[in-house]
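Right after this note come the structures.
Consider the two complexes below, in which chain A is the common component and chain B and chain C are the respective partners.
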Partner chain A sequence: MEQANLSGWQLFNLTLVFIIGTSFILLPGSLIADAKQYGWLVFIWAFLYGIILGGLWLYLSSKFPGLSIVQIAVQVLGKWAGGFVSLLYVLFFIQIASWVTRNMSDFMHINVMPRTPLSVFNIMILAVCAYAVVKGIESIAMVCELLSLLLTLPFWIPFSIMIQEWDWQNFNVPYVFHPWETFLNTRYALAFPFMETVSFMMIFPFAGRRLNLAFLSGIGFAGINLTLSILFTIGVLGVERASHLIYPIFIIFREMEFTNFIEHLESVLSINILLIVCIKLSLLFYCAVLAICQLFEVKERGVVAYPLIWIISAYALFFKNIVENVNWVKMYLFNYYALYAIVIPAVLIICARMRKKGRFRKRETAT
Partner chain B sequence: MTLLILLYIFFHIGGFWILRASPSQKKEMGLFFGLTTLGAVLWGSIILRHPLDVNKAIGWMLSHWL
Partner chain C sequence: MKASRLGVVLTLLALCTGCWDIKDINTLAIVSLAGVDKDPKSGDFLAYYQVMNPTGLSTRTGSSAKAAVYTFNFKDFSHGRFTEKTGRAMPRLFFTAHLQSYIISERYAREGILDLINYVELNPERRSNLIIFVSDSPLDVIMNSFTPLDRVPGRFMRSLSNHYQRNFRMNIYPIRFKDLEKDLKRQTPTVIPIIHYNGVKAASKSDEIEKINATQNGLTFAEGAVFIHARMVGRLDDKSKVLFYILNKKYRRLTETITVNGSYVDVEAQNIQVQRKWIAPGSHLSFDIHADLRIINNQQKRKMTLQNLQQIEASFNKMLEAKAEALEQMSKDKGWDLLGIQDHGGNEDSWRQTKVTFHVTSTMTTTGNTSTPYLLE
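Moving on to the complex of A and B:
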């Protein structure tokens, strides 16, 4: 395994960028359509749920220090069952990487370069990410650390300027709020992006001091950022308009005008999105490559990383269009992610405890 | 399709050429070949308009089993 060491600050930044990743362009529209003016409230519940889940993964990781989820599965469940679970996680990482790739290429295709085929975006970004993966997690973390301020400021400064368009009437939409029904209909916001962070169980072994604080505060800070951006979107665009847009934040940036001098800042946002998605994709790509390397005991990451471009770029094209993608996310994502984020980690914790108890009893009977 | 096959062959030639220079084992070559072939099969299915759509399969499984 790679000999890398990530600081708490680096892990915090990686968590932040990973969660914000594609969700801040895709999530507000769907969430406002389903929860109307209470979309931001639903997201608070989602990120609190994310913090609780983060605690579960950290607990599991603390029981097996220095091991990734793939290695924990093999150690707890044995070679065959553990190997099968590891293969499931490899598939999971490849799937999320493919979906992130598709989100990025859809965004670029719809908003920036409509004549360029999706596959061109997919292959180009994956080639860059494969190179980052071969260079290692420290390189990805350093790039993330370098860019985090650059990504945050150009996002929040124009957003703050747009506050002059804020209208409280946008929150007076006739809609009866049924909390349980709304939370059930918007459960995809729990999965995307918070259940995806189970991928960090591949990276925990590299984190040094303050792992718990860095990871949980990363989730919390990203949650606050996203809640605020949903709140701003409702206040600026209104429920009716925001819920009919695929990328409402992009539209805010496009329509922004400040003293007739600064306008059309969507190009800044596009670059931001490209960089953020690149980091998230590199991280997921790294998790997939590392999981395969650990499972098959391969040392050279390049042997796995470059051929994976073939798989991820093809997988990214399976959704016919963005509507099919959004529908799949709404219908199946929570149930599907629950297997990897809740069921398997819970089973591993229970099995590890049972094994420990079994060993303890054996020792007692032996003495 | 021809382009895909050519790309597949060239990717293998390039990959094995690089792997030959490094002290790699058979397992690594097998993994390289397996992953590339799987990716080429997925691409082939897309080009032939009969995609091996894993997303649909997962959706079907979830709606039937849960």
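Moving on to the complex of A and C:
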């Protein structure tokens, strides 16, 4: 296994970028369509839920210091059952990586380069990410650390300029807010992006001090950023428009005009999105490669990483179009992610406790 | 090893995305202004695109004028078919990312432009912050005319709107596609300026704009087209249009002529603040309006005293209250909720019965250079 050490600040940045990742371009439209002017409220409970789940994973990880989720599964459930669970996680990481890849290529294809085939985007970005994976988690973390400020400022400065378009009337939409119904209809926002962070259970063994604080505050800070961006989107675009758009935040940038001189700032956001997605994808790619390496005891990451480019890029074409992708996210994502983010970690905690009790009883009977 | 690395790099270069989406500026037909009309008989759309002519634009002083733009027109039954059609007449790639504004014929506007809104919003190449105008003159005349001072008609119109824009709240002139989209489900109308061509024959040759009379065969903003749910339902005169924007807290300036002591006084109201509050929810709405006044012409035959200034303020207040009441009455008569009563807590069914009161206050802050007009005894 790689001998790497991540600082608290690096883990915080990784968590932040991972959560914001594709969700800030893809989620606002659906969320505002489902929760209208209360869309921002959904993100508040979603990130609180993310923090609670994060606590569960940290608890499990603290019981097995230095082990990733794949190694924990093998240790707790044994070689075959644990191996099967690990295989499921490998599949899970590959799946998320391919969905993220597709989100990025869809975005570029729809908005920036409509004539370029999707596969070209997929292969190009995956090739870069595979290189990052081979270089290791420290390299990914350092790139993330370097870019986090560069990614935050070009996002919030133009976004703040668009405050001039703010209209309080946008929050005055005839809609009766039923919290429970809204919670159920928008449960995909709990899954994407907060349940995806279970992937960090592959990274926890590399984190040094202040792991809990860095990880949980990363979730919290990302949640606040997402909440604010939804609030801004409603205030600037209005519920009616935002709920009809696939990429409302991108549209805000596209329509930004500053003194009739600075226009077309969408290219800034496009590069921003590309960089953020690149980091998220590298992390997921790394998790998939590391999980395969740990499960099958492969020493060289490159042997696994480069062939995976073709698998992920092919799997990224699974959805025919963005509408099918969004539909899947809305209907099945929460249930599907629940298996990896709640059920398996909970089962592992219970089994670990039972084994511990069993061992304790054995020791007692022996004495 | 080095050779294999070089091979990988060269292979990756072949995948460079620019090859598919390459856009060379010399091969683009940059559209600056678009116009859409709809033939009521056949239902076909008539699309006009003004494409910039770089050679015409770069004409230096002293040299002969060349056409700064060329207008291409096409006819088809669906908006999405025009891009392909342009390839048959334009020797360059149709490029609309720098489109300045759209002009819509009045007859099309009256039929409703939801189809056009949907097309513009869906299209990644077009932005919804394009400004819209409604033309009450034949669209082919407007689209085939050059404009004075700014040789590109699209830019001419944009500049005209920018001129007004400064007095709008946060510099936002709400005449864009996105304003129509935002107001789609609201009851408050969107008012779009109407442009009018002062002439009969199009000024279609660049030398025609060399004439000194810039008004004749030129374009002017006149009146406003009232849009409710993306359909033009009527027209507002210039004064009502400005008052509509003011009462909806979008505009902050008004120039009025009032009669004080039997003489004309022109005042400019600046920094107009409007506060609306429900005296009785759903049945009595009150507007408190305050403005800072500036005298721009005083024909009174008396000295400007404190009392006289108060008289001017009182006359202005009275006049504005009367005009606001007239607008409210027109709003109820025509069934256009120009005050946005329904969108601000009013009842959808009984908004016409809502009692609306206006209370105007003003402060004379700027009087100009003279304290007393010159008089001949």
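Convention: the second predicted complex is superposed on the first by the 367 of 367 C-alpha atoms of A that agree within 3 Å, B and C clash if a C-alpha of one lies under 4 Å from a C-alpha of the other, contacts with A are read in each partner's own complex, and residues count from 1 in each chain.
Note that a residue touches a chain if its C-beta (ideal position, glycine included) is under 8 Å from a C-beta of that chain, and two chains touch if they have at least 3 such contacts.
The shown structure was predicted, so the numbers you read here are calculated from the model rather than taken from an experiment.
Three-chain overlay on chain A, with chain B and chain C fitting side by side and no clash. In the superposition on chain A, A:300 makes contact with chain B only, not with chain C. Shared-chain residue A:81: touches no atom of chain B or chain C. In the superposition on chain A, A:308 makes contact with chain B only, while chain C stays out of contact range. Taking the C-alpha centre of chain A as the vertex, the lines to the centres of chain B and chain C open to an angle of 110 degrees, rounded to the nearest 10. Contact with chain C, but none with chain B, is seen for A:240 once the two complexes are overlaid on the shared chain. Superposing the two structures on chain A brings chain B to within 9 Å of chain C, judged by their nearest Cα atoms.
Interface residues of chain A, counted against chain C in their complex, comprise 110-117, 120-121, 123-124, 127, 164-165, 167, 169-170, 172, 237-238, 240-241, 244-245, 251, 254-255, 257, 260, 264. Residue ranges on chain A touching chain B, taken from their complex, read 95, 292, 296-298, 300, 302-304, 306-311, 313-315, 317-319, 328, 331-332, 335-336.
Taken together, the chain B residues at the contact with chain A in this complex read 11, 15, 18-19, 22, 24, 27-28, 31-32, 35-36, 38-40, 42-43, 45-46, 51, 53-56, 58-59, 62-63, 66. Those residues of chain C lying in contact with chain A across their complex are 12, 15, 17, 20-21, 97, 121, 124, 127-129, 162, 170-172, 178, 181-182, 184-185, 343-344.
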